[in-house]
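The following pair of complexes shares a single chain, chain A, combined with chain B in the former and chain C in the latter.
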Partner chain A sequence: MNSLFALIIGVLVGTGVFLLLSRSIVRVVIGLAFIAYGINLTILTVAGLSQASPPLLSSPGPYVDPLPQALILTAIVIGFATTALILTVALRAYQVAGHDDVEAFGDNLARTVDSDLERADPEHQSPDQPDWEDDTLAGGRSL
Partner chain B sequence: MNSALPLAPILLPFGVGLLCLLPLRRPLKAGLALTGTVLMFLLSLLLVNATADGSVLVSELGGWKAPFGIVMTADRLSAYMSALASLSGVFALWFMLAAEDRVREKHHAFALTMFLFTGVQLSFLTGDLFNLFVAFEVMLVASYALAVLGSTREQLREGFRYIVMNLAASSLLVAACGLTYGTLGTLNFAHLAQRSLELGPRTTVTALAVLLMTVFASKGALFPLGFWLPGTYPALPHASSAFFAAILTKVGVYALIRVLTTVFQADSALPQIFLLGLGAATMLFGALGALSQREWRRILSFTVMGSVGYLAFGVGLGTPDALRAALVYVAVSVLVTLALFLIAAVAERAGGTPLTRHRRGFVDRMPLLAGSYLLCALTVSGLPPTAGFVAKYALVRAGIAQGSPLAIIAVVCALLASLITLFALLSVWRDFFWGKADKTMPLHPVPAGQQTPAYVASGLVAGLSLFAGPLFTHAEATTRELRDQRHYIRSVLGEGPVVIPPDPQGKELMKDKGGTP
Partner chain C sequence: MLTLAVLFPFLIALVCALAARILGRRTGFLAALGFVPALLLALPLLNMPAAAPASELTPWVAEIDLHLRFRGDGFSLLFAVLIGLIGTLATWYSVSYLSASEKFGRFYPYLLAFGGSMLGLVLSDNLPALFMFWEMTSVTSFLLIGLWHTRGAARDGAVKAFLISALGGLGLLAAVAMLGIAGGTTTLSQLDLEAVRASPLFLPALLCTLLAAATKSAQLPFHLWLPTAMEAPTPISAFLHSATMVKAGVLLVAKFGLIFGASALWSGLLVPLGLATLAWGSWLALRQTDLKALLAYSTVSQLGLLMSLYGLASDEGRFAATTHLLNHAAFKAALFFVVGIIDHETGTREIPFLQNLRRHLPVTFVLALLATLSMAGLPPLGGFISKELFYEAMLHHGPAFITVAVLGSILTFAYCARLLSIFFEHRRTLTPEMEAFRQQHVREHIHEAGPGLYLPPALLVGAALLFGLVPGSAEWLTRTASNSLNFGEYKEHLALWHGVNTALLLSVLTWLAGAVVVWRAATFARFQSAVTPTWNANTVYYRLSDGLRAAASRVVAHSQGLALPDQLRVMLLAAGVMGGYAVWRSPQVFHSIGVLPLSLLPIGVLLIAGALGVLLSRNRLTAVIVMGLTGFGSAAAFLAFRAPDLALTQLLVEAVTVILFLLAFRYLPGVRDLPRTRGRLLLDAGLALAAGAGATLLTLSSLRFLAPPISPYYLVNSYKGGGGQNAVNVLLVDFRGFDTLGEGLVVGMVALAVVSLVKLGKKGPTTTPPNPRIDPDKINQERVNPDRRVEVSRETQN
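Right after this comes the complex of A and B.
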């Protein structure tokens, strides 16, 4: 069973990395999710696989070590939160940039972008540079 | 020694953060956040005081004994880092209060900052590898939110890069935790240390140490893995970027020191060689990057990368002298980065642009700012009257004393990088401060409240060179403690051997229930 799991983990992580390297934001997010699944299976596998033993104390033993399951549960919960957050950021980036192409974000250090001024969603424009928009106001009202 | 003290600096900002989520008026929220941060700083000082005699404080969560439950531990290193983080937190919050930003504050900038403090303190004080991952996630989720809060185009672009990079690194950390548990059967630092001590040097454990080093190197922004840093930090609002730059990379460095000295001491030779190489490359990359940029915080972000390179160099040398020098350099680097980012905030507002060029003569207009900048620039590049010189001199001397060919190359890189950094920072001085003031350029007034944190932080940087002696004494003691694994193991796990209870067979439970499943 270990080899089967190793194969599955390899396929999952490989798919994840492939998706992570693509240009579309949504594919990047899905790629991260695939990697997370692969990692969770890794924890399950390295802690020892056994078909006959549930991690439940309410049924007769022998039991499998429950700690990896707890670790995976924690990792899944955190994974949900971060996936939700990155999807929110992706949506906002789509609204602001007008496309979900990572490459067209441009290289910020080179500062060549600003050709893609068309917004996808004119209802939700970004307050670009809110730091400076009311500079005089903020300057006059400090503590 | 059992004590609830290590929990206090974690729970306090967490509670204050929750309170800040309530719909309160701004002065109330601000007062709450400031009180919480100052109290957190005082609690960290208490921790430093309590661990000064070499005792390791342990908090057992839920009363579960060490290898089975989650424990918070505070030794000299943890307390030291916790105090530095709290100090930077105070300054960041001070600037945040002085520079009102209603757009972001409406969207819970205070609460997120407090959660960021919680995550940072948790990662310094945890005594468990998986809990370290959880702490990283708490810290990173708060930092992701702060990085994109306000959603300017630049923030989203850089924030997305930052988030994806860190999520990938986090997956690797979970995998490393799983593999560590599969190999050594435990996740508690002390228990891991005990088991790897019993096993002696092992290739599998070395592989784990290298894997963990890779993860922490990406958190600490070492050369090939730190590409996200110079883009992300300048996109942030000023208060956040000061705290991010001062502390977040140091969390990775702390984890490196912890894992390579306390936990896998016997297996740390190979990861240390990697660190030495990466450190040498990072120093040069940071220095050259700083030279290539023309905006305040972009230049400074690259010097942050450079300083992480020096720390990796110190940890990678592996000798007690080098570790001591690295620990001193941590304090110098945190304070000087904080001061420089606060100075940059004032300078950007006064000049009305993030560019350092096309502004001249600020030495006449803001002499105090110019003086503070010069002091900090000299400290970063490590010239004599400053604490930066003392720390870098100690690092270079430790490198020469270690004497391996790679160490000598790294020493050359360190000296070269210092020179290039000095040139980069002095060209900022020449462009921005030096020369005759152009009367046609408007000087945007910056309120005194926003300038004070920068000056006080620069004062602390100046004070560091006076207190270099006590700092070295403390670092010396910390190094001795870090190299003595048995003391840490005894303090956390107790005197007796750890007995793993036998696998439960379910008989006990069946008896209670009268035999029916």
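Right after this comes the complex of A and C.
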């Protein structure tokens, strides 16, 4: 029983990862949802699958483990929130970029670094007064 | 008392930061209070060297033997009072010096924090705390040097100072750790010296200490940061770079010299290093046209002198070095203040533009003259006496050393004369550009500065004069450190006139040769520029830092500049390697599938059918519905394994998710499987298979309990403690209530985010990218091959 679920979990997570690596943005979101299913089932499985009574004290025991259930309950809700957020972000990204190809989204980190900084030079000093007024980097002030 | 002296500046720094808005430039008077406890340390100093050093212990982080343990021996107290005195003078001075537009709420707190760190460093008897204060001086001096952070040069100077002194800080950390291990304790004064000297860690600890001292005290080849640190305002330079921060390395050498001095390597490395720095620093100082740069290089050279004297590890050397330490602090801080006055009154510090200043600034002239003569080592000033001691000590050491010492002193004499030349008339040739600069910046009508500016240097010059005229005063001060630095046996006395001896003859030779260099200044300057190499420590530094920056941006561009799937692939590969190793090392448990209840079979089919269906679906509606299969399948699984709450929640969430997707599909394109290249497809399939296999193995290997489960506690207590019969609900709202609250907050925040994103509507990019250099279209064009781009635009038209 546990081994069967371990296999199913493997299929779900594998599917999720494959979808996550797609170029289409909707498939990425669906992939995340599948990973979430897989993880929820993992929590349930590793606590030991058992078909004893549900953890309702009104019915006679022995009971199944309530702790993984509480954890999964939180995970389901958080997983839903994450899916909703990512779906909206995907929507927005599609609107801004004009296409849904994840690989073609631009990345500003690839830009070259500006290296012509001013350098401290002991042989050519500036006058010893603050220059807040004629401040070329005006941003420094408002910060 | 000692603890108070260290912590009080930090307290006042806080007060100053808050009060600066109201008090403006008068914050300086408040700030000066921060050094009062340090100045009061002069009282116990009076009883030195006879009295036993006081020690104060405040336990702090006992786990790593980090305590605030301060110890007031003679040398530490002397240094602390010096810091307090010059700190107080610098704060007074800056009240008159700084412009009204200065950021006082930053200036004074930084200054005080620096002073406090420095006091902690000199008084600390605990090795980890010593290192901590050492690093704090690096950080606070970084803030002070970069005070005018809108200037590129100030930022560059601050970064340079920080990089170099942080490098040394790492050395000190290693040294401190090794000393603690070898010496059996982290208390400096209780180290087992015999054990340290016998330990194999002795040599590495010695080298690490040397690295720390050399970087902090700007010894060759780390001298490059000190001159560029002059980008700080002048009062800061006077405080940091004449009297205190740069002397931290000297202090380290003096204190640790008692441990390492036993080794010949210590002297063998330190004395040549110090002398080379002395000669090279004064050589460079003579080339400067800027007064502050000249003083900076002169500090480099004087630090070299101090290093070489302490490096001798002899009674004579320590005595001479401590005397010179006092003299140097007096004349160098005074000179920085004087240069500040000149800059403040004339608007420039460039030597070619300044002449005849003795007419306009008579008081400043007298102060500058006395301080400079002390620096040049002329009688009857303190500098003369300590230079005689220096010659004496180097004479005992060998002919090569005394030659370098004399050469350095000749150059010192020459640059002192160059500094004084601004007070007299001298011929000058100005190019048209220089003339334009002069007319724009240099003031024509110069007035003497107010007492706020000349009283602090006057006090220090008075001390320099006193040390010369009444050598007993300097000797008494030096002797307070005799017990802590072990030169109590040394009986020689300070005197202006020792009779005609070799040291005096060498002094006369120095003056004569120095006078020749001054007389032939133009020829000497030509000679200097002719032999100056095209590269120096600075070019090496910039080559290294540029290379580092380029390498870093290349790494970033190649690791993070990828599209999302590429980043995920990198992360998955890394996670796979680590997770795979963990799974491989752990035992797996295989349960037989044979006892499977029939009711589970449809659930498994549902779950897998959903997964396969999504992979195969080419239609977004199908995809979502098929995804729902898996969702409902897990709900069924929850039901089968006796989790009714979960099943209910999963059903609800599943329904809402499907609705959400359907809503979103109004605005999204269809689920197309954009083609991946064959290599990518294989890689992705491989990664997916590996991830799936990993999840399976992880589940299997987690099936054995490592510790007894904690769940029975909840079952037993859920009714007693929580009053509920549903253990899961009680667990969520009572036992893990804060988790559930956090969960609620997450959902709330997501709701806000979703609403604000949706409210942006179908509008495209509302603003142009803030940085004009970044054009998303251009970047996209570079990334996407042209065919694909056409395909995409056609789709969006549809």
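Convention: the second predicted complex is superposed on the first by the 109 of 143 C-alpha atoms of A that agree within 3 Å, B and C clash if a C-alpha of one lies under 4 Å from a C-alpha of the other, contacts with A are read in each partner's own complex, and residues count from 1 in each chain.
Everything that follows uses one rule, which is that contacts are C-beta pairs under 8 Å (C-beta built on N, C-alpha and C of every residue); 3 or more make two chains touch, one makes a residue touch a chain.
Every value quoted in this text rests on a predicted model; they were computed, and no experiment measured them.
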{"item": "Which superposed partner A:6 touches (first chain B, second chain C, both, neither)", "value": "second"}
{"item": "Chain B versus chain C as contact partner of A:92, first or second or both or neither", "value": "both"}
{"item": "First, second, both or neither for A:32, with chain B first and chain C second", "value": "first"}
{"item": "Touched partner set for A:22, first chain B, second chain C, both or neither", "value": "second"}
{"item": "Partner chain(s) touched by A:42 [first = chain B, second = chain C, both, neither]", "value": "both"}
{"item": "Contacts of A:82 with chain B and chain C, given as first, second, both or neither", "value": "both"}
{"item": "Comparing the two partners chain B and chain C, which touches a greater set of residues in chain A", "value": "C"}
{"item": "Which superposed partner A:63 touches (first chain B, second chain C, both, neither)", "value": "both"}
{"item": "Those residues of chain A which chain B touches in one complex and chain C touches in the other", "value": "20, 25, 28, 40, 42, 45-48, 57-58, 61, 63, 67, 74, 78, 81-82, 85, 89-90, 92, 96-97, 102, 105-106, 108-109, 126-131, 135, 140-141"}
{"item": "Sites on chain A touched by chain C in the complex", "value": "1-28, 30, 33-34, 37-38, 40-42, 44-58, 61, 63-67, 69-70, 72-74, 76-85, 87-92, 94-113, 115, 117-133, 135-137, 140-141"}
{"item": "Chain B-facing residues of chain A, complex", "value": "20, 25, 28, 32, 35-36, 39-40, 42-43, 45-48, 57-63, 67-68, 71, 74-75, 78, 81-82, 85-86, 89-90, 92-93, 96-97, 102, 105-106, 108-109, 126-131, 135, 138-143"}
{"item": "Contact set on chain B toward chain A in their complex", "value": "97-104, 130, 134, 137, 141, 144-145, 148, 150-154, 156-160, 163-164, 167-168, 170-171, 174-175, 177-179, 181-183, 230-231, 235, 237-238, 293, 298, 349, 444-447, 449-450, 503-507, 509-510, 517"}
